[in-house]
Each structure stands twice: as structure tokens, then as C-alpha cells.
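Next come two complexes, and both contain chain A; in the first it sits with chain B, in the second with chain C.
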Partner chain A sequence: MGSPAGLGAVSLRAALAFCIAALLLSVAGALRRDRAVADAGRRSLAASFGFTGLASAALLAALFTHDFSIAYVAKYSSRSLSAPYMFGAFWGGMEGSLLFWTVLLTGFATIALGRARTQTPRLIAWAGAVLAGVAAFFLLLLVLPADPFATLSSVPNDGAGLNPLLQSPGMLVHPPLLYTGFVGFSIPFAFAMAALISKRLDTAWLTATRRWTLFGWSALSVGIVLGGAWAYTELGWGGYWAWDPVENASFMPWLTATAFLHSVVIQEKRRMLKVWNVSLILITYALAIFGTFLTRSGILSSIHTFTEGPIGKWFLPFLGFMLLGGIAIVLARLNELRSDNRFDSVMSRESAFLANNVLFVAAAFTVLWGTIYPIVAEVITGVRLSVGPPFFNSVFVPLGLAILGLTGIGPLISWRRMSKGAFSRVIRAPLAAGGIVVVTLALGGIRSPGALLAFGLCTFTTVAIVSEFVRGSRVHRKRDRSSWPVALSTTIARNRRRYGGYVVHLGVVLIVIGLAGAAFGTERHALVDVADSMRVGSYTLTYEDQRDSSTAEKQINTAVIGVRKGGETLGQLFPQRNFHFAQRQPQSEVAIRTGPIEDLYVVITSFDQDGAAAIRAFVNPLTWWIWAGAAVMLGGMTILLSSPAPVRAAARVRTEVREPAVAAR
Partner chain B sequence: MRLVAFVLVMMPLAVPSALAAPQDVANQISADVMSPFCPGLTLHDCPSDAAVALRERITKMAEAGYDRAAIMTELERDYGPTIRAVPDPRGSGLLAWLLPITVTIAAGATAWLLLRRWAREPAPVEGYDPDVHITPKDRRRIDHELAKLRGEA
Partner chain C sequence: MEEPHSTTTPPRRRAKFWAGGGIVLATLAGLLVWGMAQPGAASQYVSPTELVGEGADGATEVRLSGTVVPGSIERQGLTTTFTVTDDRTDVVVTTDSPMPDAFKGSSEVVAIGSFDGETFAAGRVFAKCPSKFKAKV
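Take a look at the complex of A and B:
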């Protein structure tokens, strides 16, 4: 008990006991409509969070004190591992990552249930029961097959150390953000299930969880982009997305969550698509759990092997129970889930949102199908096939471009109904701008149809969104007699949800511009002696020198690369090829000269005996815009998260009367 | 609309240019095959030394005049059919391509049909949203005020 292992093991068991108590008390409170009992359930879940937090503290203490009697500590850390990466080691292995997931889940559940106390007691009680049930499953994993405090009979003097690829600043942020996103979806999922069970099928569950959905989605979005940035700067293959099963595991729930974020607007505004919304959040959470299963089961080939383990068989029954139970309760409540309203016209924003939803879900299905197809094919035909990036690019890119087009159409079209004449008037300018860009680029020599279409749609969407900002600002400027910047900030502040969403869309447009740039990339590789040069694109790279040094963790071999372009010297780059002692593993450190036009990306794949360097160099046009777009998206998410809870419909109508930019056209 | 027609006419100009250098051919092929050395990654993206050597071999084949099909055949002979990153649409891989397309078209068609039906059906109580609590007179006034603010009245 005095050691971290003892404290951690006892804490996990106590957390599980309190979690089971929370589940039973919440169900009893809901069934007997007894608020006091339900509150006791809520407090039990909070106690479970406390003990899970204590277990996490014990694991961190074990990592920082190099307690190699704990198998996890010996496997994922070493004495030479620097302090920040001890946190990375906490979630760098399967058991630690599950503990991290559980502490987030119990913590989020405690906060969400505490903040929702103004809601109907039965809704909170059932939501508490669902959350406690999910947390109990994860705690059961931690107590039985994935114990992070399992001890070794023979204690090593030093640990194996953290995978060098994980020793990057991005890895201190990327996994926690992904987990935050996945776990964040637990809250809307639990409240949706609670609404179904308790038959409280108005918008109360949406209102109670709106911020959680946005929060989870934002964390997942940033986590995915940071994962791309990590791959770009650490893995040394010049790209940021490989359609790896584990990457797909995070992308699938993001796609369905994005669809959900859009379709809840229709439920809030028009009291429609209720079945669709509960189904979407069920699918989103199921995909998040499925992703966790994929990452840890080892059933698919993935470079992310550092979190594989023997817990796959535990996930399948849980996932099956969750999905079948969810579907059963949705089917049982179909009558109560009927829409209060109908679509007034096919030509309406509701229709555009629905089309957007269909495309997002089709895109998620496409990614899911491509990810699991190797297993399906093996089961059906007995032959193992590969499904790689070319397949995903072929089937996903058309869907992605269609979604981008709808992103532009959405703001142009009004709620309820719009005449064809009015629509053709408002679409004319964005369409013309997009067309002009396509023709100009085609005449300028761009030959990739996909890239041309992407740039055209980006222009179309940008013009459509910017015109919304201009229209809104113009009204405020005229009414308040203010300057354009003040009018713009007033416009955004008055309807942060709408304009925050538009800012996110502008970020997406910038990201698509960056992705389209990949069509024009160049790559060269060569074995270069000191003082010799190689060319890539319009750059000349000269291998000027090699420098060696070492730290306690690694031997560092740095190549000094002089960069020239068109006779002009641009400076030097310093890519490295290092050797990590603990893991006995070489690793390349990339050197990047980045800018809005293009990145020069240089990686050393090896040094030979004579000091010659095998250099792989890429010119990646427009990649910078992916990170810039992510930053813009983050700005939009901040605006969205700061927006107040949705007002009642009557109040909204009054607001619309005051603010024409907000109202239907 | 004339502009759209012009764009469509111009689109055939936008055909991919022919791959020139053997390294470009090798880069393209290495992006279309899975790495036998890095699980889940293409040969292009695999950082291992063995992958570097295989990419080098592909470049040499391209320099020796092998076309794309010949190089792919060589690779498949040496590493088996799993080296292809794209399922073959003529054989057992057909389902991989067919299902996403079918699902997308079916989902789109279903949504379209539902939309048409819903748009034709009257709302449960025509012109009255139970949560808004506004009378037809109020609604007319709102429409009028909105039109005024938009400069249409």
C-alpha cells in the first residue's frame, strides 16, 4: 500500500467499487424517481473520479521515481528520459492510456452531471447510470487484463524507455487531445441515451450537452491536426496523413460528430431529425470505442503498434452491447421521436444540412469500410488484401469536395424556403469567383483536375462565407454608425454560434488549399558526398558538413545542408540521423524550411561509412496553409465555445427581427 | 451559367502531365504499394532501411526502361498480392469499391426522396410551431419587419 504500485492498485479497485455503486444508485434513483438516491449515485461517481485521479498520481509518481518494479514503468520509461516525456510515458502505453481515458471519463462525468443539476432529475440519473456503466467497463479493464500497476518479479536496473518517435513535443499534446475528444463524446451519448430511456425527448439533452459536444469535437479536431503535424515533422516521409487504421480510427468519429453538430441545429431550430440525431451520437460514440478497440486489438496492421495488447476481446462484447442496446431503445422510442415540423421546401437550409449529413456519414462509412476491408476480404475469400492511401484518396476526395461545395452553399440558402430565382441570384457571385479561379489556374498551367476543382470550390466557399460577414457587418455599421472592424466584431459577438461556425469553415477552406498543394509536390533522393550537391524542384542542396555529438539518450549525427534557389543563398538546414541507446534504434530528425508558398523538407535516411549522406528531399507546396487553417479553425472553435446556450425559440424569433443578417434571407 | 459551361469546356485541358523522370515514376509507384516492412504504411511513407533499398530498386527498374505495369508485376511476384495498396476492382477487390459507392448513392437517393415527401406533407399544425407561440398576425408582422430590414419593403 505504501508503494505507488500498492496505492495505485487499491485506488483502482476503490474507483471500480464506487463506479458500480454509482451505476446501481443512479438506476435506482431513476426508477424510484428519488432525487436523493440519484444524487448519491452522482457523488459515488465523483468519488470514483477521486480514486482514479489518485491511481493516475501513483503511476506518475512511479514514473518520476523510476520505480521499475512496476512492469509498465520498466517498459515505457528509463532513467535518461527527460521529465516532460514522463507525462508522455503515462499515456504512451496501453495500460496508461486506458487509465488516462478513465480519469478523463470520470472527471468529465462528474463535471457534466454537476452542471446539469437544473435538468430533470430522471434525465440526470439515467445519464449518470450510462456514464457510470461506461466508466465501470474501463475500470474493469484496468483491474483485470490491463493493470498498469502489475509488478515484475525481477526488477531491472533501468527501463526500456519511451519509443523515440513519441519523444516529441507534439506527442505531449496530440494523444491527450484525441482522448479528450473521444471521452468528450461520452457526455452527449450518455444524455441522449438518458433522454431515450426517460422519454424526455425535447431539446433538453441537446442543451445540456451542446458545449460538451463542441468541446469534444474541438479537442478531436485539434488532436487530429496535431497528429498530422507530428507525422510531418517526425516520421520523415514528407507527408502528414497516411490513412493508417489508427489515424482512421480518430477520423471516423470526427466525421459523424461533425454531421451531428450540424444536424442538432435543425433539431434546435425546427424540432426535426430527432431520430437522426440520437442515432448520430450513438454512431459517433460507437466509432470512438471501435477506434479504441482497433488501436489496442492488433487485428489490423498499423505503425501504431505501441498501444497493442490483449484487451481486444473485451471491447467487442461491450461495443456490441452498446450498439444493440442503443439501436433497440431508438426503435422503441420511434413514436416519441417524430418530428414536430416538416421541411417546407427542398430548396432550404435544412435540405443543405441534410445533404451535408448524408455526405459526412457516407464519408465515415467509406473510411470504415476501407479500414476493415482487409479483414472482411480475408473472411470471405481467404485472401488477405491491402487497402491503402490510393483507395481512400479515390473514394474520399470526391465526397470531401462535395462537402466543401455544400459548405459554401449553406450560408447562401435560407431556412424553411427559398425561391429558385433568389438562390440563383445569391449563388452567382461565388460561382463566378470559383469559375474565374479555375480558368485562370488552368490557363496558368495547372493540370490536376482534382486540384483545380478544389481551388475553385475553396474560392466559391470563401466568397460565400465572406459575403455573409460583409452583409452582417453592413447592417450593424448602418444601424450603429460604427466602423467596419467594430461592426464586424459586433456581428460576430451577437451571434457567436453562427459566425464562429463560419470561421471554422474558413479554416477548413485553408486546410483544403494546403491538401490540394500535395498534387504539385516534388521529391528527390540521392547519396551525396560532402561538398556535393543535389537538386529538388528549383532548390540546390549542398551537403556542406557532418557534425557529431551525443547526449545521455542518443548519438546525434547532423548534416549541414546549404540551400540555394535561383543562385540566391537561402541559408542552411540541419537534418539529423540519431541513434537512441536505450531502444538501440536509429531515428531521423527532419529539417524543414517552411513558408506559405512551399516547404523544403529534408531528411537523412542514412550516413555511409565514408560520411556520404543519403538525402531525401521534398518540395511540398502550400502545406503551410494546413497549419494556418487549423489555427483559424481553433479561433472559430473558441468563438463557438464562448457562445451562450441556445435561447428558446420565441426569444430567437425576436432576435431575428432585430438582426436581419441572422434571419432567413 | 455560361461561365460554368466555359469551365467545363476548359476542364479537358487539365489532364495530368506525363511522368518524366524515373524517380517520379518510382515515387508514384512507391506511393501505390504497401511496404512489406512497415505495417499499414505505403512503401513511399516507410522510413526503414529495407524500404529505402526497395525504393532504390524500383528507381533502377524505371531507369532500365520498365514501365509501371512491369514494375508492379515484379513487386507482386516477389511480395505477393498484399503489396498492392488498391484492391483489384476486377476480382475479389470489387466489393471494396462497389459498397461505398452504392451506399453513398443509396443514402443520397433516400434523403432526396424523403425530403421531397416531407416537403409535400403539411406540418402537423400548418403555420404553427408549438414551441414558438406566435400567432399568424405576429408572423406576418415578423415577415414584414424582416422584409423592411432587408430593404424589400
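Take a look at the complex of A and C:
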């Protein structure tokens, strides 16, 4: 009991007990409409959070004190591992990452339920029950098949250490952000289910959880981009996204969550798409759980699946129960979920939102298809397959471009209905700008139709969004007689949800520019002797020297590469090929010269005995814009998240039209 | 308030909805089928025994998975040659691609490429890495 292992094991069991108590009390409170009982359930879940937190502290303490009697500590850390990466080790393995998931879940649940106390008691009681149910499942995993505090009979002198690839700053923030995103969706999911169970199917559950959805989505977005940045700077294959199942696992819920973020706007403004919205959040959460299952079960041989764990058989029944239960309750409530309004015209913002939703869900289905096709094919035909990037890229280019186009069109169209004349007036300028860019680039020698279309649509969308900012600012400038910058900031501050969204869209446009740049990349792989040179694109790389040094963890072999372009010396790059002692494994450290026009990306793939270096070099045009776009997106998310808490805004929207129930059928 | 579509009766709306939905679904299905037909979209995993047993055309891209025979790795310039086995059949793999960090004797690898009956020409080689962290504990 005095040891971290004992403390951790006891804490987890206490957390599970409180969690089950929370589940029972919440259900009882909801059924008997007894607020005091439901409140006891809420506090019980908070206690469960306390004990999960204690267990996490115990695991961290064990990591920092090198308590190798705990199998997890021995497996994922070592004495030479530096302090920050002890946190990496905390969520680097299956057991620790599940504990991390659970502490986030119970923590978020405690905060969300506490904040939503102004809502209908029955809604909170059922939401608490759903959250406690999910948390109980994860705690059960931690107590039974995935115990992070399992001990070893013979205590090793040192641990195996953390995978050197995971020892990078990006890996300290990427997994927590993904998990924050996944777990953040628990809150809207739980409230949606609660709304269905308690028949409180107005927009209360949406407004109560809107910030959680945004928060989870923002964390997931940043997490995915950071994962790409990590792959780009660490893995050394020159790219940032490989359609690996683990990447897909985080991308699928992101796609459906993005659809959800947009479609809730229609429900709030027009009381439509209610079935669609509860279904979307159900699918999003199921995909988040499925993603965790994919990465943790080892069902797919992914190059970075951490482990072929024993928890797959636990996840599938849980996922099945969640999906079937969710679908059953949605079907049972179809009558209550009927739309109050209907689509008036194809030329309306509702339709644009709906089209956006269809495309995002289609994109998610595409990823799901490519990800699980190998499993299904193996079950049916016995043949093991792998679906690769050519499939995903070829389907995603048209889907992505259509979404990009809608991003530009959406803000231009008015709610309910727009005449063709009015539509052609607002679309004229963006369309012309896009056309000019396409023609200019085509005359400039760009032949890739996908890239031309991408750049054209990026221009179209940018002009459309910027014109929205100009229009808004013009109004404030006239009314307040203020300068343009003041008018612009007033415009954004007054309607953060709308303009924050537009800023996010601008970020997406920049990211698409960066992605399109991949169509023009070049790559060379060559064996170069000291003082010799190789060419890649318009660069000349000279292998000037090799320098060796070593630390306690690794031997460092650095190549000194002189970079020249068109006779001009641009400086030196220092890619490394290192050898990690603990893992007995070599690892390449990439050297990148980055800029808005193009990146020069250099990797040493091996050093020969005679001193020659195998150098792999890439010229990656426009990749810089992906990270710049992500930064702009983050700015937009900050604006969105800073928008004041909604005060049932939907109730006073002018577009609200109630129609007789007969007409809605 | 106005009743915008009083001329459109519910059955007609429903028919329109299903027609529109059908077109959307058909387009998406077509997109998926087209995507799966792209070269390299789906490739089959084979063991050395299956690879040799099935014969070779030197063109179909497959994923050869097996264990690297210790001591079989030879490097010449950028070209790496090694033997992959499933303990029954050995296949010689040759590649110009950079080798993964975890690649060494007796590591499990997946080589993507095609077989001409004698050697397997791989465009890319992956090593499965997690096992080695496990084996040491």
C-alpha cells in the first residue's frame, strides 16, 4: 500500500466503485425525478475523478522514481529518460493511455455536469448516467485487462526505455490533444443521449454542450496537425500524412465532428435536422471509441500501432452496445425529432450546410471504408489486404475540392431562399478572381488539373470570405465612424461565432494551398562521397564533412551539408544518423530548410564504412503553408471559444417559422 | 406567414428527396469504386511460400511479409539485398529505397513490390517495430 503500485491499484478500484455508484444514483435520480439523488450521483462521479487523478499521480510518481517493479514503468521508461518524456511514457503505452483517457473523461464530466446545473435536472441526471457508464467501462479495463500497476516478479535494473521516435516535443502534446478531442466529444454525446432518453429534444442539449464540442474539435484539429508535423520532422520520409490506420482513427471523428459543428447551426436557427444531429454526434463518438480500439487492439498491422493488446475483445461489445443502444433510442424518438421547418429552396444556406454535411460524412465513410476494408476482406475471403494512399488520395481530392468550394459559397447565400439573380451578383467577384488565378497559373506552366482547381477554389473562397469581413466592417465603419481596423475588430468581436468560423475557413484555405504544393515535389536519393555534391530540384547539396559525438543515450553522427542554389550559398544543414544504445537502433534526424515557397528536406539514410553518405533529399513546395494555415485556424478557434455563452439565442432568430405539423410530414 | 411550396405536394417532395439522395449515393459509390481501382490502391499481403507458390508476373504489386534471415543483409551503394523467410520458403528481396530504422536481421518486415520469379523488387520496406520493445522486458 505504501508503494505507488499499491496506491494506484487501490485508487483505481475506488474510482470504479464511485463510478458505478454515480451510474446507479444518476439513473435513480432521473427515474424518480429526485434532484438530491441525482446530485449525489454527480458528486460520486467527481469522487471517481479524484481517485482516477490519484492513480495517475501514482503512475507518474512510479515513473519519476524509476520503480521498475511496475511492469509498465519497466516497459516504457528508463533511468536515462529525461524528465519531460516521463509524461510521454505516461501515455506512451496502452495501459497508461487508457488511464489518461479516463482521468480526462471523469474530469471533463465533473466540470460539464457542474456547469450545466442551470439546465433541466433530468437532462443532467441522464447525461451523468451516460458519462458514468462510459467511465465505468474504461475503469473496468484498467482494473482487469489493462492494469497499469501490474508488477513484475523479478525487478529489472533498468527499463526498456521509450521508443526514440516518441522522444520529441511534438509527441508530448500530440497524444494529449487527440485524447482531449476524443474525450471532449463525450460531453455532447452524453447530453444528446440524455436529451433522447428524457425527451427534452429542444436545443437545450446543443447550447449546453456547444463549447465542449468546439473545444474537443479544436483540440483534435490541432492534435492532428501536430501529428502531421511530428511525422514530417521526425519520420524522415518527406511527407506528413500516410493514411495509416492510426492517423485515420483520429481523422474520422474529426470529419463527422466538423459536419456536426455545421449542422447544429441549422438546428439552432431553423429547428431542422434533429435526427441528423443526434445521429452525427453518436457516429462521432462511436468513431472516437473505434479509433481508440483500432490503435489499442492491434487488429490492423499499422506501422505505429503500439501494441497488440488484449483489450480488443472488450472494446467491440462496448462499441456495439453503444451504437445499437444509440440507434434504438433515436428510432424510438423519431416522432419527437420531427423538424419544425423544412427546406425552402436549393438556393439557401440550409442547403449549403446540408451539402457540406453530406460531403463530410462521405469523406468519413471513405476513410472508414479504406481502414476497415482489409478486415472485412480478410473475414470474407481470407486474403489479407492493405488499402494504400492511392485510394485515399484519389477519392479525397474531389471530395476536398467540393468542400472547399462550398466553404466559399456558404457565407454568400442567405438563409431560406435566394434568387438566382442575387446569387449571381454575390458570386461574380470571387468566381472571377478564381478564374483569373487558374488562367494565370495555367499560362505559367502549371498542368496538374487538381492543383489548378485547388488554387482556383482557394482564391474563390478567400475572396468570398474577405468580402464578408469587408461588408461587416463597412457597416460598423459607417455607423460608428471608426477606422477600418477598429471597424474590423468590432465586426469580429460582435459576432465571434460567425467571424471566428470564417477565420478558421481562411486557415483551411491556407492548408489546402500547402497540400496542393505536394503535386510539385521532387525527390532524390544518392550515395555521396565527402566533398562530392548531388542535385535536387534547383539545389546543389555538398557533403562537406562528418562529425561524431556521443551522449549517454546515443551516438550522434552528423553530416555537414552545404546548400547552394543558382550559384548562391544558402548555408549549411546538419542531418544526423544516430544510434540509440538502449533500443540498439539507429535513427535519422531530419534537417529542414523551410520557407513559404518551398522546404528543402534532407535525411541521411545511412553512412558507409568508407565515409560516403546515402542522402535522401526532397524539395517540398508550399508545405510551410500547412503550418501557417493551422496557426490561423487556431486563431479562429480562439475567437470561437471566446464567444459569450449562448443565452438560448435560437429562440429569437428571425427566420423562425412554425408550420403546421401536417406540412412537416 | 407564407407557405412557399404550396404547389409542391408532399409525395413530390419525397420523390425529389429520394431522387436527389440516390444521385448523391450513386456518385459516392462510383467515387469509391474508382478509387479502389487506382493502381496501388489495394495490395495483398503474401508470405514467401504463397509468393513462390502463386507464381509471378513481375507487375502485380503485393506486400511480402516475413522475417529477415540474419546475416543475409548486403548493402552496395544505395541497393540493399536481403532474404525474407517464413521458415519454409526464402525469397531474395532487393531494393533501392532507404531502409527503416528498425530494419536488421530477424526483424519482421513488409516489402512492397513485385516478384519476377527470382527476386522480389521492393519499392518500399517497412519494419514492424513494437515487438522488440516487448522482447526485452
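Worth a mention:
Basically, the second predicted complex is superposed on the first by the 643 of 665 C-alpha atoms of A that agree within 3 Å, B and C clash if a C-alpha of one lies under 4 Å from a C-alpha of the other, contacts with A are read in each partner's own complex, and residues count from 1 in each chain.
As a working rule, contacts are C-beta pairs under 8 Å (C-beta built on N, C-alpha and C of every residue); 3 or more make two chains touch, one makes a residue touch a chain.
Everything quoted here is computed from the prediction, not taken from an experiment.
When both complexes are superposed on chain A, chain B and chain C end up clashing with one another. By the touch criterion defined above, A:244 reaches chain B but does not reach chain C. More residues of chain A lie in contact with B than with the other chain of the pair chain B and chain C.
In the superposition on chain A, A:585 makes contact with chain C only, while chain B stays out of contact range. When the two complexes are overlaid on their common chain A, residue A:75 makes contact with chain C while staying clear of chain B.
Once the two complexes are overlaid on the shared chain, A:35 sits clear of chain B and of chain C alike.
With both structures placed on the common chain, the touch criterion links A:438 to chain B but leaves chain C unconnected. After overlaying the two complexes on the shared chain, residue contacts for A:449 are found with chain B alone; chain C is out of touch.
After overlaying the two complexes on the shared chain, residue contacts for A:13 are found with neither chain B nor chain C. When the shared chain is aligned, chain C comes close enough to touch A:163, but chain B does not. Once both structures are placed on chain A, chain A residues 236, 301, 303-305, 342, 344-345, 358, 362, 365-366, 369, 373, 383-391, 394-395, 399, 525, 588, 605-606, 614, 657, 663, 665 are touched by chain B and, in the other complex, by chain C.
Residues 235-237, 239, 242, 244-246, 270-271, 300-305, 340-346, 351, 354-355, 357-359, 361-362, 365-366, 369-370, 373, 376-377, 380-381, 383-391, 394-395, 399, 431-432, 435-436, 438-439, 442-443, 446-449, 452, 456, 475, 523-525, 588, 605-606, 614, 648-650, 653, 656-657, 660, 663-665 of chain A are the ones that touch chain B when the two sit in their complex.
Of all residues in chain C, only 1, 3-5, 10, 13, 24, 28, 31-32, 34-36, 38-45, 63, 75, 77-78, 96-99, 101-102, 110, 126, 128-130, 132-134, 136-137 touch chain A in the complex they form.
By the touch criterion stated above, chain B contacts chain A in their complex at residues 3-4, 6-7, 10-11, 13-17, 23, 27, 31-34, 38-42, 44-47, 49, 52, 55, 81-87, 92-93, 95-97, 99-101, 103-104, 107-108, 111, 115-116, 118-119, 121-124, 129-134, 142, 145-146, 149-150.
For chain A in complex with chain C, the touching residues are 71, 74-75, 152, 156, 160, 163, 165, 236, 301, 303-308, 342, 344-345, 358, 362, 365-366, 369, 373, 383-392, 394-395, 398-399, 417, 525-527, 583, 585-588, 603, 605-606, 608, 614, 616, 657, 659, 663, 665.
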